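Each in structure tokens, the structures are laid out below.
Next come two complexes, and both contain chain A; in the first it sits with chain B, in the second with chain C.
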Partner chain A sequence: MRPDARSTALASRERLAWLALLALAVLVLPWYRVAPPGGEPLLPSALGHAAAGRGWLWPVVAALPLLALAGARAPGGRGFLALALAGLAALVVQGFAVGLRGPAAGWVGALFPAAAAGQTGLGWGGFTAGVALLGLVAHGLALRGFCRGDRFAASAVVFIVALLTLFVFFPILRLALAAFVGPDGAIAFGPFLSRFLAPEIWRLDCFSGPRRCGVVINSLVLGLLCATLCTALGLALALVVARTPFRFKQTLRALSILPIITPPFVVGVAIVVLFGRTGLVTVWGAELLDIRPTRWVYGLPGILMAQLLAFTPITFLVLLGTVEAINPTLEEASQTLGAGPVRTFRKITWPLLRPGIAAAFLLAFIESLADFGNPIVLGGGYEVLSTKIFFAVVGARYDLGNAATLAMILLTLTLVAFWLQTRWLGRKSYVTVTGRSDAGLAASLPAGLKGAAWAVVAPFIAFTVAVYAIVLIGGFVHDIGRWDLTPTFAHLRTAFAVEIGAEGLRLYGSAWNSMQTTLAVSAIAAPLTTLVGILTAWLVARQDFAGRRSFEFGTMLSFAIPGTVVGVSYVAAFNVPPIDITGTAAILVICFVFRNMPVGMRAGMAALAQIDRSMEEASQTMGAGSARTLRRVVLPLIKPAVFTALVYSFVTAMTAVSAVIFLVSARHNMATAYIMGRVEAGEYALAITYSTVLMIVMILCIALIQLLVGARRLGRRREFQGQALPAE
Partner chain B sequence: MTDDIAIEFTDVTKRYGEALAVDRISLAIAKGEMVTFLGPSGCGKTTSLRLIAGLELPTEGIVRIAGRDVSRHAASERNVGMVFQSYALFPHMSVLDNVAYGPVIRGEPKGVARERARAILDQIGLKGLEARLPSELSGGQQQRVAVARAIVQQPDVLLFDEPLSNVDAKLRRKVRGEIRELQKRFGLTAVYVTHDQEEALAVSDRIVVMRAGRIDQIGTPRDLYERPASAFVADFIGDANLIGGQVQGGRFRAADLDLPMAGPDGAAQISLRPERIGLTPGLGAPAGRVMACTYLGSRWEYEIATGFAELLASRPITEAPIPAGTAVRLDIPETAPIRVT
Partner chain C sequence: MRTSKLMSATLAGLLGLTAAAQANELVLYCSVQEEWCRLMAESFQRETGINVLMTRRSSGETYAQLKAEAGQPRGDVWWGGTGDPHLQAAQEGLTLEYRSPMLAELQDWAVQQAETSGFRTVGIYAGALGFGYNSTRVTENPPACWADLLDPRFDDDVQVANPNSSGTAYTLLATLVQLMGEDAAFDYLVKLDANVSQYTQSGGAPIRNAATGETAIGIVFMHDAVAQAVQGAPIVPVAPCEGTGYEIGSMSIIAGGPNPDSAKRFYDWALTPAAQALGAQANSFQVPSNKGTPVPPESPALDQIRLIDYDFATYGSSATRTRLLARWDAEIGSRR
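The block that comes next holds the complex of A and B.
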């Protein structure tokens, strides 16, 4: 068969498969997850429910025969695509037209009396119908020339856009709406205004007296202080590493990944153990200097310390990149022209560093605003946006409207910082220098600056060592909080006791449940995150389709949304029909996939930029469609990016807290949520033990992923790539 | 349309946004023919080739391969073989797997596909290298693997995009000879892209000279060299002296130059190849003066000042050199000047 004939045959087979899936979805599968009250149908499917009086389901059911007909006649025609889109619209409309308690609008109730009983969230039938209709939309689009007729690429675009809309933008929209919902349930401007202007948000009292400031002011003060200090510290570290004969450079670089694999809360706990009222340092200080031990560490100082530890590695890496990118010959030139080291630093090095410093500053600012784990342990009475949002939803006074308002403020702040950052990075190229020059030695620092850098770096390193020493030993001594260092495995036993009995292995420890969930959820989320991320990268880098720029922008934007905001937005969006999935494990997986996907995407884009496109084109001329080219040519070549994405998404899923804390349930508890419970109960040793075990598990899992993905032949590939010239 | 047309372009246009890469070109390539797209960088050669491959789809116009309209068919739905400038060998596959990739993709069992790949590799002189990775081959060997991979499926057309640009200058002559020999041996239709006129003259049955997205002239190498239709072609293929003047009553005149020339009266331009200009020291019309005489090993090259143009002349090394400053008479055979547009 000729290649084009085969391709046409394949297309009609694919269309039939999508139609079969749609048939399964509307005729057979249960439409609802839990059957709604009233109107017992013969079949639990959409057809059954429609026949039993839920007439608003008829349009979705009708889409099936209409699409089958149009597909048989002219699948490439406008009618087919319009029908597929109409089917999708019918699915969305039916979901929102009738809510849990009844019709959303009067006319809906008048049209369908059965709507008064309301409807529950979608089940397998509903979701499968969505998938099938999206597939048919993509099919119709491709046949009309979208993505140059590439059906695989068209499907990938359609599905990723649909998923991002559903799981990133729709929740944010719902959240924004929730900020306007008054106590009577109606949407109005008044409730929003009174929430937004509440004094506990904007109060400035802390500058003029002993009273506390508003929560936004608190967050901003913390964010700015944290960003300033982290940037200064990161710069000092980068200068020491790059510009002095410092012997432990590699060690420092390696250690900078520590915060990524450090579970939340544990640093906070270590700080409490050191500086709390009965903390080691506090007590020593009290004895030595005869001052009364206080709870000074709770509040701004404690949070700041913890954030410094957590985010300095990020600023360090950014600034190290900047420092190393400065071409030493520029500095040499300055010196040969007669400038001394101080002048050279001021006139040459510093201006070249400035964009990197701005980027690092904004990055640390965003991280600080989004941080949830440290403020909740160390905040005391110092409320910041992320913790206040949490307590508005989880605390005794459930107030979604207030949480939504605060979340929108937080989102706005981070988006502004994100926008500023992309602007700075965008303009960076005018100073950054092309590549690194092998010739020339970097100017060493002026003596004064060197001393200053060391004065900053040394205490920081000592502090880090102290904190991680606490983490290391804390789990295996009797009571680290009271400084009772008798070695013991008691905490480990409490958390992870096992017994091999008659019925086989039994897991007694209190932590097993959350550990298993965490591992399972992370193990499911990591490959999915990687898949979506890499696929998105491939679409953006290699496919040409209408709307590609906005597509890329949308995916990147989803990265800028703080975890806490994602968490409440999911609460606002997915706790009610049509998509009622809170309390499931699926929502945890979904949350991770869409939060971490941009990292996979960035890794993928960077890797794809290194690969000569003509290899993919060669594969196409030999008859491979884009899906097969992706699998057989592209993926093997970007394995390192796949590895990075897998590891990152796995580790982040294991240690994330800000979003999942809203989504865990008694049945599906996560390790970080469990640890938070232990910290709140003051069981520090248990929290530390669990964190240590988590870190060990993560390191083992990373090794396992490395083994599975493999690094075979990668070395040779690099050599070969050097020879390949880009096409003209 | 006859059966022996392999590729046919009808008013094919390719636009990238506002920019026109290929501007309404039409041409037909016969089966078994080797045609070269020649032109300066950016003139649309690669785009034309990619339009044949299906790596680009035309904005307007029709592309036919073997008589079938493939204008909307993707590369994977056509049957073409392509040798890329960078070879584009898959670095993670052995030589054998690279060549067997196409047959496997098109649905042949792995064993059969490998047998076919092995046979082609034998014919192309790469026996014994099957298990190597592309990175373990020399540049010339890589190029041959790329060719083997492109012809293993008996494509309707074999496409080359500047295949010699990564080959050593010394080896180019040999490799281009091999490509030509292979194309003849397998009876393949081939389209070859280059910006090097000597390469084009050496390998082609016919040459398509392109300029700014349009076809300037199509012809055999000899046609193009001896009867260029335009000043552009005359200048691009070999060296040419372009002289402006007037045609009247069957004669071309410019200053003291007076040559027989057919065609309509009026302003005209002629092209004169340097090696067709004879030089005799002494006075006479048309007159010239040697400004420079350069020894080039294989010939003498002269710059001659005349009343109508600065001329470039080239004489065999066996002739005695004429020193700069000497007055000369030009001997121009009647068949030498070609009227161009």
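The block that comes next holds the complex of A and C.
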């Protein structure tokens, strides 16, 4: 009887706290971020604005006394929950009923004359009211038995669902709508159809003549070629590492991490230096063959080369996992029964490799579709979806409708590839590692295959080394583009000059602004991403609530959306009230959190699957609440997953470009956007210098995170890289 | 409960990041070479203590950004870039009318630019259009006229920017239309297209690519070609024999920007001889608009170039610009 009374008292204290927050939000805090046109009332809160004629705010204000009353009478009743939901609905409706330039519908204007002046985006008051109302909804749900009455779990579910809705699904919906908006501003099917069927998208001229193909055809050709080559190369590398006495296996594994911490564009620049018209290799080759050097690298060949370098490590890690998971006893049995190495490989090893190959192929295809950095440097006139979307939004001929249409096509292609991947892998059993002995010896490769694998691997390694050598020295010589190798620190000075004068330390280097923003945004985003990711993993793995499957599906969906699409959708959704946050640092943080949180979630779920529930049950039996159990028992046990999530989200925030390129502003510029500007302007040395500094900073920060989390060695990070990386 | 509190604290923290502009700042949209942009920002910061947040973008892109941000302008001053998009912005009311006390010290063409726009923009430098070729790539019979660029030996060897994004390339378009007549000009551009390897985003990129030899010829403003030559690249600037157009690089204050006082301070400062002399330091050899600024000796002398009588009012107007760009897209841009 007593614990029950205590829990009731606790619940009513929590409810009062949420109500107090709501009161603060609607009575005191400024409702708008920027004062709306038509003058500020004495009290800038919702109450003040409602009293000054903005009558559409009354329902939100009224939610406060009504909820307080219902909470005092029957907090567990249906009425309380309904009221909290109604309050939330009122908040959403008021935001969309009146826009920046006036009422959204005629009757709203007729009802409230003040709506004609329009309203600006929500500020402190508006957002806090949203938080408080969500808290009250979760409270009502928990008291009605949601999540088995666990209030902590219920509020975690409610908040994460609300955040995903707001920052993943709402922008995509807004974007889909933008594809249908015609030049006159009305929503119709006609404009969408004419955009969708434009010959620039679908034409097939490149197969029959000198003209270029449509942008979707270009993207598909690139994606399929890239996926095929990356898979072949990844397989060759995996076979060489797992099945031959190759001495530098550890080095190869370490090298495969490099592309992940390499800022975008820099590989493209190195390829131009090597293979451009005046590039080392091109000039040498042209002299050898006695022909005129050409711009052959710009377009499909160049993009393909850069993508091969960037995505082969991913296919390599996937396929290495597959090769190592094949139980060697099967191969041994085959050879004992008299089959030669060729037959064994064809009949046993190859069929077992197939699912891994399918996964690697689709992964490389998805990455190639979403890639933005390489096509923009090396594309020449070869347009792909991601760059075309970018120029439709940022270029001189701003056309959001067209960008939205292209983004929806890109999203559809990516989702189809994801769907194929899950379907393909789910069909057949390929389990060969069981509890029984697997002490057999792996079959050695057939001689021909071994030779072929080496013939592929050796040039690839040479190519990687050459590219990174250019990156390493390019920043510290006079002009790598013209092969002027006089050592200099001039580029470093341009980017990161500091002076200590009368006013103390002053930063004059041109890269300081973007460097500071990048570090700050990444440092804020990484722990938040981890928090949301791990919490989601815990909810999915350990809690039982209605709609858990679709909850899990929803979080994974945000993983499949290409960065370019995320960027455009944020522009479409958050450029106008009620949530007007473009041009702020907050939108950058939010973008990173929701793009990267699925990785934290996957890492967390994998870790939780290895931990028996009995420890948590013991903790709860002894009286700890679920929040306390999570903090004191679960978190210490899944430290490697926390580390993984932190490092991954930090590194991605530092190197991501496809989404942030739409969201940066003069005040909040990011390193990658700055580097892109330098590459476009032909200042290769500066771009390379900055990239080198970024890579060093990243390595230092990873070491720092490791120190703080106090977890295991870096080698363990492989467990997440084997999984899909989010489409960049 | 703990998490929900944490979340609300986080949300609050995020909102804090969005706090409005601090005092003593200037958001500068810059449309000349990055090097010059940086020097201007740094010098102004040194002199006034006002923190400058600078973005460099091509003038066409900056114009598009101004238009996209019209509801809530985030920039204060738009400094540099060809005059046409500045005039179009002025015509559409995106920029602020301001009569600087410095106007009296300026050259006639700079004041004329201000008068054309109703004092919403002002000339800060001038420069003639031309091209530059790489002398290690083109060793004999160098091109001297616009017509020479159509020579098949320059197949895949000419670069120019995309007129949609770059003011330089739009000046080329407008110049050819005024020089040859509209239909003949587009005829020429279609033929030129056969030799063009790539239409770059920024106007200065073609000459940088010519300097490294990635292309043989870059069509740019002559002072950009001179800048490459001064820095030691094998670039020869050419003033086309048929005559050529020129730009009046301009500056405008963005209407409704967050720091109007800093904006006016920068505007006046940027018109002083001391500030204009920074151009030559940053390897930018345009002819400065203040009569008191020494003209850099490297600057292409405008009186020795066959200049056309460029009609800024017509070719900077919204209607003409939009029409010419749409025709370029239809006949050249979308056909590649």
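Things worth noting here:
Following the convention adopted for this analysis, the second predicted complex is superposed on the first by the 695 of 728 C-alpha atoms of A that agree within 3 Å, B and C clash if a C-alpha of one lies under 4 Å from a C-alpha of the other, contacts with A are read in each partner's own complex, and residues count from 1 in each chain.
Operating definition for what follows: contacts are C-beta pairs under 8 Å (C-beta built on N, C-alpha and C of every residue); 3 or more make two chains touch, one makes a residue touch a chain.
The model shown is predicted, which means the values in this text are computed figures rather than measured ones.
With both structures placed on the common chain, the touch criterion links A:211 to chain C but leaves chain B unconnected.
By the document's definition of touching, of the two partners only chain B reaches A:7; chain C does not. In the superposition on chain A, contact of A:707 is made with neither chain B nor chain C. When the two complexes are superposed, the chain touching more residues of chain A, out of chain B and chain C, is C. Judged by the touch definition given at the top, the superposed model places A:289 against neither chain B nor chain C. In the superposition on chain A, A:621 makes contact with chain B only, not with chain C. With both structures placed on the common chain, the touch criterion links A:337 to neither chain B nor chain C. By the touch criterion stated above, A:128 is placed in contact with chain C alone, chain B being left untouched.
The part of chain C that touches chain A in the complex is made up of residues 1-4, 6-8, 10-15, 17-18, 20-21, 27-29, 33-34, 38, 42, 45, 49, 53-56, 58, 60-61, 63-64, 67-68, 71-72, 74-75, 156, 164-165, 197-202, 204-205, 208-209, 211-215, 233, 325, 329, 334-336. Those residues of chain A that touch chain C in the complex are listed here as 14, 17, 21, 33-34, 100, 123-124, 127-128, 131-132, 135, 138, 151-152, 155-156, 159, 200, 211-212, 272, 276-278, 294-295, 298, 380-381, 394-398, 481-482, 494, 503, 508, 510, 513, 524, 528, 531, 535, 576, 580-581, 583-586, 589-590, 627, 631, 665-667, 669, 677-678, 680-683. Remark: chain A residues 2-4, 6-7, 145, 148-150, 612, 614-615, 617-625, 628, 632-633, 636-637, 713, 716-717, 719-721, 723-728 touch chain B in the complex.
Residues 41, 46, 53-55, 57, 68, 70, 72-82, 84-92, 101-102, 105-106, 133-135, 139, 149-150, 153, 159, 161-162, 165-166 of chain B are the ones touching chain A in the complex.
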